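To start, the structure itself, in structure tokens.
Each chain carries a letter (A, B, C and D) given by its place in the written order, and its residues are counted from 1.
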Amino acid sequence: MSKEDYVPQPVVDISPPKWHLAHTTWFFETFVLRPGKKKYRTFNPSYGYLFNSYYETVGERVLRPDRGNITRPGVDEIFEYRNYVDKEMLEYLQSLDETELQNVLDVINLGLQHEQQHQELLFTDLKYILGHNPLFPAYLDSSLQPEKPGSFPGPLTYSEIPEGLYEIGFDGDGFCFDNEKGQHKIFLHAFEVADRLITNGEYLEFMESGGYRNFRYWLSEGWDWVNQQRNKCPLYWIQRDGKWYHYTLHGLLPVDMNEPLTHVNFYEADAFAAWRGKRLLTEFEWEIACQHLSPVIPPQANLLNTNFLAPVGGEGFHFFGDVWEWTNSAYLPYPYYSKAKGAIGEYNGKFMINQMVLKGGSCVTSKDHIRITYRNFFHPHLKWQFSGIRLANTIM
Amino acid sequence: MSKEDYVPQPVVDISPPKWHLAHTTWFFETFVLRPGKKKYRTFNPSYGYLFNSYYETVGERVLRPDRGNITRPGVDEIFEYRNYVDKEMLEYLQSLDETELQNVLDVINLGLQHEQQHQELLFTDLKYILGHNPLFPAYLDSSLQPEKPGSFPGPLTYSEIPEGLYEIGFDGDGFCFDNEKGQHKIFLHAFEVADRLITNGEYLEFMESGGYRNFRYWLSEGWDWVNQQRNKCPLYWIQRDGKWYHYTLHGLLPVDMNEPLTHVNFYEADAFAAWRGKRLLTEFEWEIACQHLSPVIPPQANLLNTNFLAPVGGEGFHFFGDVWEWTNSAYLPYPYYSKAKGAIGEYNGKFMINQMVLKGGSCVTSKDHIRITYRNFFHPHLKWQFSGIRLANTIM
Amino acid sequence: MSKEDYVPQPVVDISPPKWHLAHTTWFFETFVLRPGKKKYRTFNPSYGYLFNSYYETVGERVLRPDRGNITRPGVDEIFEYRNYVDKEMLEYLQSLDETELQNVLDVINLGLQHEQQHQELLFTDLKYILGHNPLFPAYLDSSLQPEKPGSFPGPLTYSEIPEGLYEIGFDGDGFCFDNEKGQHKIFLHAFEVADRLITNGEYLEFMESGGYRNFRYWLSEGWDWVNQQRNKCPLYWIQRDGKWYHYTLHGLLPVDMNEPLTHVNFYEADAFAAWRGKRLLTEFEWEIACQHLSPVIPPQANLLNTNFLAPVGGEGFHFFGDVWEWTNSAYLPYPYYSKAKGAIGEYNGKFMINQMVLKGGSCVTSKDHIRITYRNFFHPHLKWQFSGIRLANTIM
Amino acid sequence: MSKEDYVPQPVVDISPPKWHLAHTTWFFETFVLRPGKKKYRTFNPSYGYLFNSYYETVGERVLRPDRGNITRPGVDEIFEYRNYVDKEMLEYLQSLDETELQNVLDVINLGLQHEQQHQELLFTDLKYILGHNPLFPAYLDSSLQPEKPGSFPGPLTYSEIPEGLYEIGFDGDGFCFDNEKGQHKIFLHAFEVADRLITNGEYLEFMESGGYRNFRYWLSEGWDWVNQQRNKCPLYWIQRDGKWYHYTLHGLLPVDMNEPLTHVNFYEADAFAAWRGKRLLTEFEWEIACQHLSPVIPPQANLLNTNFLAPVGGEGFHFFGDVWEWTNSAYLPYPYYSKAKGAIGEYNGKFMINQMVLKGGSCVTSKDHIRITYRNFFHPHLKWQFSGIRLANTIM
């Protein structure tokens, strides 16, 4: 990465890498050091204005679409900021006795989880920045790209999940976000779940059979979206001389038809399912199917630790890694949901409208960040995350 | 109504009254007469282009934002069109034997239900057109306005609905829309439901206590919406000399603080609930609460047949009439939902994204149109329907 | 015309016919009766808000894009308003002695000139409303359409105007607008002026030779405009089975290739001239050429009095009627220009930016409204006026 | 400057500094080396796509609003590109005999003039980038700021220019742009020209007397512009505790009320003149007044060579430097204007619509770039250039 790569914000949803770095640092300064550490000297008081993302509670902020126009502080100063806050955090933590430590552990843990989320965004946002450069510069040496699954994973098969009264939501000891809390019961009717993700080749069939030209498969707002698009294919796909390529973090490569599809939005996932005569899972069905079929993260799950930084696919029925799976559930509060007090209460709850839930984590999600109850969410038109499709079937 | 009132489309969501009249007529011509009646002569072939609403299956159409620019055919010709289609329909129905009649009853019934929906929209759209005219012309003689409930309905009380496994969806003999079909089980945790709608006076308290100025009560997109608004109050409210008035179909009248609040959108309903420390019901909770507490439409329900054309409120715990009640449920398919074949399949399913469910019908809904399983839906920012608030409470 | 035709405002530049009627009436009420007539009773105080066009001096007004949403007062009331103001004006004028009359003549004359401008707009705006209805309803019986010129007017010839110091601007006794005042000298270098307007057939050559696909002919903002257009042809042209038709006030008719071209904007006029290796005249060249070659309006000039309501063309070198001629002059003040005091001062001066001057009047301009010094002006992208092309040549 | 400063494009009119550097280099590669130098090896073929500004003749290009999102090539590679092209240019020039040299001198000269224009834009664009950073980082050490004029320059006086027939346009031996060519005669009526630029203090009077709140001073589109602005003051002005500061390349400094005003747009210049009961000059009046009063660039002119990088003002009646002076002339072709063949013909002519002419050069214009006949041009709403006001008076 060059210093210039840290700067731009090509569309409003993408933040500059520099901003991610400073913002995660600002989180610790604002929510841990400033309220807790005695005589803490704020690194630079104007950083609060620059690097607050959306916390109305903690004051004014640079409006989201302007993040790419801030050239100072530079990358070097931001790393300095980071080092300063790291050092102060260590000093602070060492100064606490056991009781004091217990009092701040929650917010520190939240800061770490928050940082893992931004680490993931660093990859997806940088991919967007480099992938929209006409030179298609690779982030990684293309010789480092992951081995291909090699062969077609075979036709989709489905497993049945019986109807029943199930438990949804987090109920363990570790960390979870507030939106997973309040374990509660849900009744599910029987359904079938596909044993693997949809591949690039399967999606290409949809494209080639006119999927983007037939309104019947699309939600009304999805069809409007299609008609506004110039490129009717997954994000980063490009056709040259009749052959499909896609931009990856290893550069522009031919699309491997046996790999899991990625970079489709909810409208595309839903239309693909309709074209196949299937549907997407709800978030509840996904969670229960996962409990039945893949309750723990298997070692082969393609999460950030594999270092592939691209979906790979391959053997084995599991629900974690490769791509986030779109569900047909709107992001809404669980029955016992309640917002935390203060700025932390703005973390999740205020986004519970007009977004759809995704499950399972992707090839750039930290392994110790994801879990079965994890609820990711994006607007239905967005496709710059590693997001793909798993099909389901109603049992009538 | 003057002929000029039939023409404009002040914003994209409002259709010209003239268009509603022609469109409901076109429905019968397109889906009953043309496919069924022998030697049927289409009244005017270009009407298909003019008065198709959103059915992609039946061809090109005038784009929605242009409906208000079509001055021909005029109102007289549209009533002529109506008479022509009515006459042809009667002739056609009389020509059918019992079996043939059975085959077309479904689509005719759908046409009638469709017409009831547009009758409701005629009132809300006309209210919008006249209510945005600086002269505030009344649709009805203001001496005809409904009697006021007179006094404050008393503080809110709540009824508890126990947890349990319940049935949701339509399972009777009569008509229902496809989106209500596929009765299925749902598990609900115990909750409390308010015994009446929120009043204008209660909402004014929210306004006066700074409800529109405090981000804490608002969803993030709701807060964005607030900040784009010039008028921070229900639609049609206007303040003069410190006193609140609102435009009604009987003209500009002082706001009666004891009447049910109407013309708020989902963001406002949700923020109001947050301010009160309560929440909205889900559509499932609403349906089950209604089954428990008010399973049939009571005679005093203020639906279209009362002819009030405005919310009135008053005695008695019931869920029907006055205003549509926003729920905190996204409009999504039921587990066994499947779209009908052909154009009819576009009726509901393709709108199942980014909209919220409303229940119960309003003062301009036909009494034989509404039922307990009826699912209305609008985008969260819209407030030109008669839409209000019922609160709920989680039992922890 | 039906009453419904009076209502819509399909785009911001088009006003509803009803609005034109009320606005010209309001002008007399506001600028003559209310300041002058004793005990004058305003017809309806809210009309000021409704029918003020752009005079900031006389208070708040309905914003321009909302004019089409006002259904009340209706057409009947507006004619009533008109009759009321007419009657009051007559009574007022009869009550004045000679001196008093002199004092109000200027504003009355301005009111009449203003009304002639809106009479012209009534035709162009109604043409827009009916010409964008997919039924293409005729305003006039098509059997009434003007006789065609019959044959090709012959190749363009040019007349030379010698260099010299000339006088520009109004210097007579009658009425003129403030923007024509302050006669002043201008030096012109020698140039040639075409003896007639460009025909439809000549413009079709430009179209067929790829004129809309070659950036070389276009101003940069003109080229941007081209690339945003779906239809690359004059306004109201439509191609069916390889043949060109255009909507006229007599309905949809085949394009007569020998008639003068109309409904092109400045960008198109300028690009056409570039394609022919010619240029447009400046407004000064036009005025001086007209002084030399056609100083008075000839009897055959196709202005409103011919009742053709469409360009016709035909014999004789003259500069008046058929279509407004785009010049390559920006609409700017003459050297001695000064704004009148009060609201009347807003008539012209405040529009002197970003618009181009047109000269000569069109087939819907009143004969006693147009004159050699008359300066019409529109933004370069607009084409709903009867506007066409006359070419010129620099003499090097 | 940090490398990050080279990247952003905060609004469409501002280009990234990096882009300016590469674009001026690309100009020489594209218009000199590739057509002329034998066996020239293009540095990187994709740079043509990246660094073409608006020349349609030489192929596709990155759309203007996306320039800020291109992080590769980086600043280092662009300097490498520059060095490569410099070296090749020298080699090429040394290889030419006298005749060959003559053939390429024009385009090389154009390339150098082009580069001077972009050098000026580098300052104004960088000022915009840094001046919109909430930290207001200085480009230069604030101790290096120019000495202030110290005292009020005294009340405005005016010089009279007599009426007459004058020559306009370039007629010398050196370089000029095509838009200055074709010397021609123009007749001017007598007028008066102010002896100096308007100061910050004089403009503040306009602001404090309600200039931004009174429509009477404004062109109609200027008034619309005012009503869309949050900040009603020159660009970079900011008020803190009742005192005015402005961002300069030396950082945020108190506004010196005796310095020439800068960073106003045409609407503001025109409104200020109207408020003072004066007007702006036309470009022709400016040129003739300058011929009379200040025909050569005086040594004290504050152009780029003074290194002040800010307007200073001070003694002496002259027309060059400090700020570009808005004229009330639209940017249109001179009578004998003709476009050059090929890409070079796109340099000026295609922008001759909707822009206003500015004269005289600013504190960041090269001294050997400016001349009396130089015609700069910008849209009337733009104010990021160093642009100010000189008043004039008609002699009636």
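Note that in this section contacts are C-beta pairs under 8 Å (C-beta built on N, C-alpha and C of every residue); 3 or more make two chains touch, one makes a residue touch a chain.
Note that this is a predicted model, so its numbers are computed, not measured.
Determine whether chain C and chain D, two copies of the same sequence, contact each other through the same residue numbers or different ones, counting it as same when over half of the numbers at the interface appear on both sides.
Same: when the shared numbers are divided by all numbers used, the fraction is over half.
Which integer distance in Å separates the CA centroid of chain A from that of chain C?
58
Need the CA-centroid distance for the pair chain C / chain D, whole Å please.
The computed centroid separation for chain C versus chain D comes out at 36 Å.
Starting from the mean Cα coordinates of chain A and chain D, work out the distance between those two points in Å.
Taking the average C-alpha coordinate of chain A and of chain D, the gap between them is 46 Å.
Mind pulling the residue numbers of chain A that touch at least two other chains?
Residue numbers touching two or more other chains: none in chain A.
Make each chain a node and each touching pair an edge, then name the shape: line, ring, star, complete, other.
If you draw each chain as a dot and join those that touch, you get a single closed ring.
Can you tell me which positions in chain D touch chain C when the two form their complex?
54, 56-57, 165, 184-187, 189, 191, 215-216, 218-223, 266-267, 270, 279, 328-330, 332-333, 335-336, 350-354, 380, 394, 396
Sort out for me which residues of chain B touch chain C in the complex.
On the chain B side, the touching residues are 2-10, 18, 46, 49-50, 62, 66, 68-75, 129-130, 132-135, 137.
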